[in-house]
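Common to both upcoming complexes is subunit A, partnered first by subunit B, then by subunit C.
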Partner chain A sequence: MTTTCRREAAESPSESSGTSTPPPAPERGTGAAERSRKRRGWALLIVAAIVISAVAAGIGRGQVIKSEGAGSLFDFFAAAASPRLDAEFLALTGTAMLTTLAYAVLGTALSLVIGLIGGVLSSQAWWASGVRSRRGRRLAGWGLARAVLVVPRGIHEVVWGLFFLVVFGIDPIVAVLAIGIPFGAVTAKVFSELLDETGRKPYTALLAAGSSKWSAMLYGLLPPALPDLISYGFYRFECAIRSAAILGLVGAGGLGFQLALSFQTLRYPEIWTLLFALILLSVAADYWSSLVRSARARGRRRSRDGGGVRRDPLLTASLVFGAVLIALSAWWVGLDIAVLWSGKAWEFGIQLLSEAWPPSVGGTGVSGLLMLAGVTLAMSIVAITIAFGLGALFAVPASTPAQGRDHVERGAVARIARTAAMLASRFVLVVLRAIPPPVWALLLLFVMYPGILPGAIALAVYTTGVLGRLMAESVDNLDARPLRAIRATGASASKVFCYGVIPAAAPRFVAYGLYRWEVTIRETVVVGVVGAGGLGLLLDHQIGSFNYAGALTTLATLILLTLVVDVTSAAIRRSVR
Partner chain B sequence: MPRVPLRLIALTAIGMLLLAACGQSPGDPRGSSGSDGEQVLAVGAIPDQDPQELQRRYGTLADYLKEKVGVEVKYVPVTDYTASVTAFRRGDLQLVFFGGLTGVQARTQVSGAIPLAQRDIDADFRSVFIANTNTEIEQFDDLDGLRKLAGHSFTFGSDTSTSGRLMPQHFLSEAGMSVDDFSGNPGYSGSHDKTAKLVEAGTYQTGALNSSVWDELVKSDKVDTSKVREVFRTPPYHDYHWMARPDIDDQLGDGTTDKIKQALLDLDGSDATEKKILDMFQAGSFVDTAPGNYAQIEQVAQRLGLLN
Partner chain C sequence: MSSPIFALSGVGVRYGKNTALAGVDLTVEPGERVAIIGPSGAGKSTLIGVLNGTIAATSGEVTALGCDYRRASAREIRKSQRRVGTIHQRFDLVEQLRTVHNVNAGRLGSWPFWKAALSLLLPRDVQRVQAALDRVGIGDKLHHRTGDLSGGEQQRVAIARVLVQDPVMILADEPVASIDPARGREIMSLLLELSAEVGVTLLACLHDVEMALGSFERVVGLRAGQIAFDKKRADLTDDEVDALYAFERATEPR
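And now, the complex of A and B:
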């Protein structure tokens, strides 16, 4: 069990550079031929799925793009040059920014707590260790923990928000829970994988010495994994900022609330002011995270050179600063967790459950539901395919030009050009992911006919922004030594890229792509506008008409879809490994 | 890095926390005014026209009501149709300016909720059907003319909008049209402005929206009338209205509901504040209303499965 330690790099933005070349995985008695046959099988299946989805989305069937609406699209981007900058609106934007930041901080904090506990409980290390427990029970426990985590992951933050709004009313806790719970479940998944990748010897040694499972976990397994956990936490924080910006519509306030208002009446200059504020927040979070990560990388290099492991002052300062931010945020939004156990909340919670139970299939029937699930799946596959290609394309120029990699012996001009390319592509990526998917959907509708495709492309454009960032980071984290070795043989920069960078980065890219595929399924819920519908539009209607029993069925279908995607991508990853 | 910055951060942290402990939360979504223990009237609205003005509009209105009714008033911002009905049901909002459909939904969920008043224009509210000029659909005056829309693509606004979805769908069925007669599924653009823009861009060939939003868009040149034009204006129906929770009197004292109603009806623009409030609501005055005014909306909503 331990040897097949899951090398799922999904979303671990900064793994130590030393581990990026996976150790030769021991074959489980299958042989290389079997393995490559399996891979071919998966490749065929993936191509088939993409082709079917593309056909379902209407590619190659009739008119897709129309030029009449290009003016409207142009108007939107032209407004970027003239955002609304009067004092009144800027003051409004400033306050909204702080509110969004506060929700992001609190949501991230909650998600890290859930992630840490859930991550331990759903790791193989935890369930593999009990000396007396039986194998069956261990598997059941592990499976149950993972299955429980699929439920919050399959439901979009906005839907969580509406649900908590019914229970807690207009209260800051709504946004905190709506971000914290689904993000916590994703974090738990990633943490469990990080824990399972961490060397288990200190942990087993502690167990053998007679310490309890919890203390062995606390002292043996968590400390070596901590840096990776923290840098993942930073990535989650940036996601939470964007998410807080979508949650405005459930009364959470902040940039999202203002964005929703300006978007309803299509006031482009205002939308841009708010988007710039959002971009500013994202970039700041990104910068903080890269500061901490690069300090860590330096520290590691030092310790490898015999300097000994030292405490990272920047990391400690960040932790303290984070704690202060949490307290300030709680004050800013007036968070009072006493509402969690208030009688009124329980009363409305139970009332909601009684209205939702038993779930009903409603007008569409089971076959209708299956068809809509198919539409959602097709939309997500087209979206992730496009995003994967574009993200990979952007990732290489967006990665940090590192020493010993692509341009060692180039001149100053080439270096400046390289840096300019890096900044430009990073900026493009941050803009792509700062514009929320519903806005992309409307923009695309200006120049496309309604259907699955504009929705898929809207999600693809947004996902490109996220995926490009994750991929660029994994290029950053590649082990420089093999690249330097290739370089030393006299290979040109392009050869280093083809034979050094691509093979080493590809498995990571695939892992990130598969992870984002799951997220895309969830995101289809917010692009219902485009007339393609799928489960998202159905859910919109059900919630709008307070048909909670129907909404429960739709959500269950979405969760099932997420589960299928989860299992499929785990299988694909195993075959790539 | 030496230790000093750490200590500095810790000190600043403590200082800021102390500062925070004694201040009011500026980002609290439950609204600003009203301290603990005091009874407060929570007012909200479904934004439809010019939601950007909401904040200012309600500041003025809150001050006016406070003066006339004699209770603390706070404005709670909500942008989502469903969210404000939910908040009304929970009692987080006690007085809400609902749309026709959302008002009916709110009354189904809070039995005994009282429609207090409507704007003068709400008694005579209309939707317009618009078409892209490429369709060559000409303007018509007869309801049956809506059948000309068959075979074209069509978009509603938000799915729980009275003037952007419910009543247009009602008039379509009066004309013998069902949504299946359109080419493709009808779209749900999300707002009146988006409907106008998407029909102008030719994404959907036809659409329906709130007539006063349309008039405003035409007047301010925000739509290109060489690309999209009005083809039909519907018969009138009742739309927006103020709705009060039945327990306001229990919480804020007997007769409060009546005082609120009277304060709304008394708005006649006789001084600057009143004029400002009426302007913000694009109204000449507020007039009395009764549940019966929304019976038609209720029937249509029932048929479309929008009441649960």
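And now, the complex of A and C:
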């Protein structure tokens, strides 16, 4: 049971640090009491945080809803039925779609390269091998590799994008680097955990036989871990599509850029054409990625059951197709990596950094900065609370109704209704997450006054889409045996749900919720950019007014805030497990 | 002693191309104690699933406690399932729940939904749960998280769950295969004791042939989804038992 959990955690987008540590030995007596006391403490703290955040976000205060905007919102949704479909605009949309796709593909490719190298360098296996006497040096090396990865992971793609826009101007390399660097750092962390979970015996045997570290790695450790890395890469690709669209909003081109233009001129039919294109792209990427990942999960189950390791044709085909896609993408956007070492870019970069150093607090002052940090935190907490509730609500109908498969009861009508509910809720979830948070925020600003509440709701809507799916997958992955055992006592489906599904799934739901909270605090930047307040808005103003010294301070505050959230979330997750 | 508890005739179960059971005829009378033995993959667990109504037979007739599984409504099936308690190899408890809830899960078939849901917050019928836990020897574990218990203790929780279910028939699918041998013998004798005490019928799948031959009056040999023999313990010869497993050895290295 424990092994399955950890395996799934590695497969899922969990970036938790806990996956590589062995589960604590079962505690009895006082240990259990201690744990439940701790859990109660956390629960109390969480409730308090939610209430304070809701108050801070302005829930219950007037002047939130802009009633005169309801008309435009209605017009907006009415336009969904008549998107602009003339040949000229369709061609434009198609081109933009390909550009977004190409950015996502190239960004993912870069992130995989970074992830592979960074993952090996930050794995314990890499530093643990070698002569015993140099223990201190090895620990330092491992710590350094991990530390180097923390900063790029803490900075959101959009912030990277804004930075590279200043350095390179409008160039395809901006989007590729902005996606590739933070995604690469995350991938490196996940991959290092995968490597450390893989059995190390073949690797040490090769080392003992006198092979070098890299070749021992290549033969002993990478082959079993690689399929997992690839399947994780596909998950990242899905995320990269959304990131590429958001990057477009800040000026990197593609669908997002066109969306921003159409939003400025309020041409609703155009917006809808572009949104449909984005949803289409997202759904296709989702589908491909889930195909690959479920094939991988099947393969792992087979090898666990002693069926041996087999090459998965789907994985191989996807890999070949991916390689072709990378080449085509580079050609389509006209990627020229020579700009990386062009003198001008370096000059800009160095100039920017020298202007940013030393960082300054600027006009807001320390208290103002702290205030904004608090507001940002409140926005993330309100967002994740809403998303958690809605996600859990959608997750149950969206899960595969496989639990009835080998079961005697359930009539045809009930089965069809269940399948229809599954398809409908999956569709809702996919649409919610296909549209990036800043677009949701722009829509909400029709009917709400700017502030952190529309930002929080925008993040919540998008996060519901992501969280609902992760939760549905975790319901799918529940151990079916206890459920069957309860059903064998003659319990009805709703009782099986209360006694079997909820208690088993709840800890995972909480873990996913916390993981998404870590992501959401980073994404507050994205809605900040469109005016929803918090540190993101400040950062956008500072970069816009060339106040790089102030921007650096804001960025540092933001990274510190994400670190606080990461540590808190990890602590809560430990007590839940 | 009029109608049999279980009557299977010509029962087959297929998973896609794989045949798990084929042409199984089996009748179990009230008060009998039956052991099912056979090599792994013979279809023992599938047979248990067919009997407790969690696996649908793809062919043949299944009647349990007078209820025809193929024709009865879901409600009727649940009604008869309620009277059949099952103990599983991997205990199949919800590890996140406290022991009291896992034991009470045995009552779900007879409780209305509101009571089941309420009990998760305020445990109902705690005395009955306590009595069952006392009977299986872990009375002090009422409020422990089930996942924190040892394997032997978890299997006792599973038995307590069956006890509160108050069944007329107990099915046990490799009840001791996941526990160390000493604990396993304790659990097995507990099961036999209980079935004698309350007079319930017991049907157990066992990998351990010694245990099966030592404690059960009737032994059924299952091989490749078919019944190889179905005899009184006294009439069974060692050769027949050996043949059951010898066949496996001959065909195994494929």
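Following the convention adopted for this analysis, the second predicted complex is superposed on the first by the 437 of 577 C-alpha atoms of A that agree within 3 Å, B and C clash if a C-alpha of one lies under 4 Å from a C-alpha of the other, contacts with A are read in each partner's own complex, and residues count from 1 in each chain.
Everything that follows uses one rule, which is that contacts are C-beta pairs under 8 Å (C-beta built on N, C-alpha and C of every residue); 3 or more make two chains touch, one makes a residue touch a chain.
Note that the coordinates shown come from a computational prediction; the quantities given were computed from them, not determined experimentally.
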*In the superposed arrangement, which partner chain does A:K495 touch: subunit B (first), subunit C (second), both, or neither?*
second
*Which chain makes contact with more of the residues of subunit A, subunit B or else subunit C?*
B
*Once the shared chain is lined up, is A:S262 touching subunit B (first), subunit C (second), both, or neither of them?*
first
*asked:* After the superposition on A, what does A:L442 contact: first (subunit B), second (subunit C), both or neither?
replied: first
*asked:* In the overlaid three-chain picture, which partner chain does A:P224 touch, first (subunit B) or second (subunit C), both, or neither?
replied: neither
*After lining up the shared chain so the two structures overlap, which partner does A:I543 touch, if you call subunit B first and subunit C second: first, second, both or neither?*
first
_Per the definitions at the top, what is the overlap between the subunit A residues touching subunit B and those touching subunit C?_
none
*Using the touch rule from the top, collect the residues of subunit A that touch subunit B in their complex.*
66, 68-69, 71-72, 95, 98-99, 102, 162, 165-166, 169-172, 174-175, 248-254, 257, 260-267, 270, 313-314, 316-317, 320-321, 323-324, 327-328, 331-334, 344, 348, 355, 363, 438, 442, 445-451, 528-531, 533, 537, 540-541, 543-548
*What does subunit A use to touch subunit C in their complex?*
1, 26-28, 32, 406-411, 481-482, 484-492, 494-496, 498-500, 503-504, 506-507
*Where on subunit B does subunit A make contact in their complex?*
1, 5-6, 9-10, 12-13, 16-17, 20-21, 23, 25-30, 47, 50-52, 54, 76-83, 85-87, 90-93, 105, 109, 153, 155, 159-160, 184-191, 193-194, 197-198, 200-204, 227, 305-308
*Considering the complex alone, what residue numbers of subunit C touch subunit A?*
49, 52-56, 69, 74, 77-86, 88, 90, 92-97, 101, 105-111, 113, 116-117, 120, 144-145, 147-148, 158, 161, 165
